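The structures come next, written out as structure tokens.
One chain, subunit A, links the two complexes that follow: it is found with subunit B in the first and with subunit C in the second.
Coming up: the complex of A and B.
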């Protein structure tokens, strides 16, 4: 702090401190604390707010356990509260999306970092950047067109005779997963590419000379080196997927429900901001836990992920 | 590398590019199909009527203007806050630095839904507590701006901080010793060094803001931005006007990409020519010396 004042004088230092304080206190800390406080309050008519009925309780959080429905996983049937099910399925499908993105992006990241002619690399990167500049809502919309019952995908497959009647692609969570993978795979690709390209190519050649099979080179040399990239890509893709509201709303079917959609319904349809806060806070906790676990698992720090 | 695996990787890259770009082509194609539903099959003939309908769509034009205003405001505020934050981080150390830096970065990882709801609740509550109907405390795009700044400022901060690493603080001291004021040091020495990063930060902030849906959705009140409008269109009655819009946006992106690429190639060529010339000059020199 003293350093700051010495370098920029008292006036500028005050301005800098005020700006940062406005950001961190008014835009980050206080809103989140308000969210937390609000999540313990009951939903009341305006006249009762601040009255005797306005007491703190966990009842908004306990709403997660309302309304059991029958579910079966792997042939075992059991009862589970509908919002808990949504929460768990959101986590599960976000993980599926994350793994799918990794599997899709890894070969390309390796190709770009170690194989491709350096002269064509900028062109390749530029082509990959194009979809990134087209907004998320349009990318989801594009897949809505493609996967439609009378859309081009069914048309092509019917044309070459792979299927004999149109397939309904947007069932369950299929459409959501396809859309999320397409939307977020580049957030896996670029961190992976950065991590792999910092690997010394001599290491790969040495392993080859010593007779290591290709899969072992990847498993024992490239992937361990790319660990920070894998961690940051996975965290980005998981958080973006679990937090996405656009893609599940556009590509969701009648049987798919994303946790963010549940929050949105509490907020916009039920106008119950307090329960929406409680659910939003649960989402925040989930994301914090995921990032912490990922950091422990991959032994990386927050600053590595942010890169 | 083994020839077969190399072919496989090349094919894979081609397929990946197709996977990334084909949906955009499908979407653009549907903009010209004379079909009430947005699709490229069945093809019912060429038309430009979706473009005309798009221009006549007043709500879309308002949404477009709103998007630009919000993005400009977000870019401006994020650049100011992000730059201040980077300068602050750069001049503190130890635990304080770790704590501040961690808090700043973690804003990027907060889900947009949470930012949207928390911003909305805080400002309406403040408005209620003050008993005022002043617009600042009611839902609207200005709250979307504040919500978006809360995480976009962190992105600007990272860009500016990276640039600060290559700054020599000795220059500041020299200027101070020579009698410059603190304001002069900031304006004439530090900021000029940071301009490239500030420019890049402004661009990133602008585009992040245009992309934003989650924060805007919860804070906008009745106002539309382009993303929100497109979303409501996609969910309700869809007409290919959205495809027309998408086609235009993709065209703009492609034109910018081509300009960027052409510029890059030109620079590479100039660089190569310069190296060539240097080599020739060296050879001539060597020849002269040999003769002498």
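Coming up: the complex of A and C.
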């Protein structure tokens, strides 16, 4: 802080600090605390708010266990509350998105960090950034058009004879996964790129000199070194995917439901902000727990990611 | 067990820049061979071509008699020790050493046993389970050697491996490397810009300048009979006289300089070429009276005590600096600053040399 004051003078420093405080308090802390407080209160008609019925309880949170439906996975049929099912599917497909992003981003990150001529790298980065200039809504719609039954993808595949009748691509969660991968793959790419480019090229050459085939060089040398980058990329893609509302709304099919859509319905359709808040916190807390457990399993520490 | 290496007219260009220019050398199996030269002269490039990380622009490289053109580093019987060692920081020491064996599909117990055995060879027992960051510079050095030896290479390639160590340790590791090389019988190709290192350890030395090999000879020959001015200046100190060579007889030639007519050895093949006269400070004798030949009057400007010897810096009447080294064994009287003396040398100890390689 003393540093800031010395560099920008007391006036500007005060303004900077006030803006940061405003950002943190008014835009992050206050709304979240309000929602948290609301999530423990029942949804009441306006006249009853603050009255004797307005007491704190966990009942909003327990609503996820209402309404069992029959589900079958791998031939086993069982009953499960519908919102729990939505939650589990959201977690599962967010994992699928994370893995797909890794599989796409890792080779590209390696290529950018270790293979490509440093002179052409800025051009490559620019090409990667260009799609970000278009709004997320338009990008999701672009995929919706590409994947449509009478869209360009089917048209091309029919043209070159790979398929003989149009394929319905947006079924189940497929459209959502494609859209989320496209939207968030760069959040995987950049941490990976940073991690891989910090690896001393001599390490790769030493491994090769000692007889390692290319895939073992990656498995034993590059990936272990890039682990913090893989972890921070994965956490980001996973959290963003699980929390995304736009992509599942646009690219979802009749049979796909994202947990954020359920929250959205509580907010906008049921106008029950209290239950919506409870669901939102449930998603936040459970995703955080999930990520923490995953990090423990892969032996990654928070301080590694911060790097 | 060990293999010889032949480079035949090897050229390496980076764009329009020629990093290695027609290198020809034949390294014998089991030899300790050093490439010596200033930074940027192309030593690392030669080593990387032998290990397979760079393809030569032209020329042939043979390892153990077979042309290795097109073979990847993991298909060559060489092991490279990198300038920065490139140990794997995320693996314990024994996994580092056994990495090559792991890649060859050797089972874990055998790998571990081999790693322990190699740690004993490099005098580092008990370090198997430590991490790289826990070792000192010299210990890391030994691990790098053990890791390279584990794959039983026929040729070890070492890129300035001692440059990061302090002086005492460097001298110790020199002897150590030499011992390991003798014990294993593997051909060592060693790169350094430190002339003392190259002379002390090698069977033969190749001195390089600007991509060209200037001279290949054993350490004594390199020092006593340098092929040209570059080698003479890079390996040790000299007093240098400019002038023109005159008539030669019996291997010696007259050399006319502003300091008078001197005589020195003529090196075969340099007749009629521009040359300079080189004589080592330890072969330069100071006396109160002029010597019979090769005598130049000098005024003493500075006397520097260096421990084992004393350097006397003087200047001739024409302003040319002259240095003479006296052994600090009480045999010579140390001159005073400002004394007027005569510097002289034996014609057999002085040579007329061209500046650089003139064979091309």
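Here is the rule we go by: the second predicted complex is superposed on the first by the 261 of 307 C-alpha atoms of A that agree within 3 Å, B and C clash if a C-alpha of one lies under 4 Å from a C-alpha of the other, contacts with A are read in each partner's own complex, and residues count from 1 in each chain.
Note that a residue touches a chain if its C-beta (ideal position, glycine included) is under 8 Å from a C-beta of that chain, and two chains touch if they have at least 3 such contacts.
Keep in mind that this is a model prediction, so the values were computed, not measured.
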**Report entry** Touching partner for A:19 - first (subunit B), second (subunit C), both, neither
**Finding:** first
Report task. Classify the contacts of A:31 with the two partner chains as first (subunit B alone), second (subunit C alone), both, or neither. Result -> first
Requested in this report: Of the two partners subunit B and subunit C, indicate the one touching more residues belonging to subunit A.
Outcome: B
**Report entry** Partner chain in contact with A:107 - subunit B first, subunit C second, else both or neither
**Finding:** first
Query raised in the report: Between subunit B (first) and subunit C (second), which does A:202 come into contact with in this model arrangement: first, second, both, or neither?
Result: second
Query raised in the report: If you stack the two complexes on chain A, which partner ends up touching A:54: first (subunit B), second (subunit C), both, or neither?
Result: neither
Query raised in the report: Is A:133 contacted by the first partner subunit B, the second partner subunit C, both or neither?
Result: first
Query raised in the report: Which subunit A residues lie in the overlap of the subunit B contact set and the subunit C contact set?
Result: none
Query - Touching residues (chain side subunit C, partner subunit A) in the complex - result: 51, 53, 72-74, 78-80, 82-84, 86-88, 90, 99-100, 102-104, 147-148, 151
**Report entry** Contact footprint of subunit B on subunit A as seen in their complex
**Finding:** 1, 3-4, 7-9, 11-12, 15-17, 19-20, 22-24, 27-28, 30-32, 34-35, 38, 104, 107-108, 110-111, 115-116, 122-124, 126-131, 133-146, 148, 150-152, 155, 182, 186, 214, 235, 239, 242-246, 249-250, 260, 263-264, 267, 273, 276-277, 280-281, 283-284, 287, 291, 302-303, 305-307
Requested in this report: In the complex, go through subunit B and note every residue touching subunit A.
Outcome: 1-2, 5-6, 9-10, 12-13, 16-17, 19-21, 23-24, 26-27, 30, 37-41, 80-81, 84-85, 87-88, 91-92, 96, 100-115, 117-122, 125, 146-147, 149-150, 153-154, 158, 169, 172, 181-183, 185-186, 207, 210-211, 213-214, 217-218, 226-227, 230-231, 234-235, 242, 246, 249-250, 253-254, 256-257, 260-261, 264
Report task. Would you tell me which residues of subunit A are touching subunit C in their complex? Result -> 200, 202-203, 205-213, 216, 220-221, 224-225
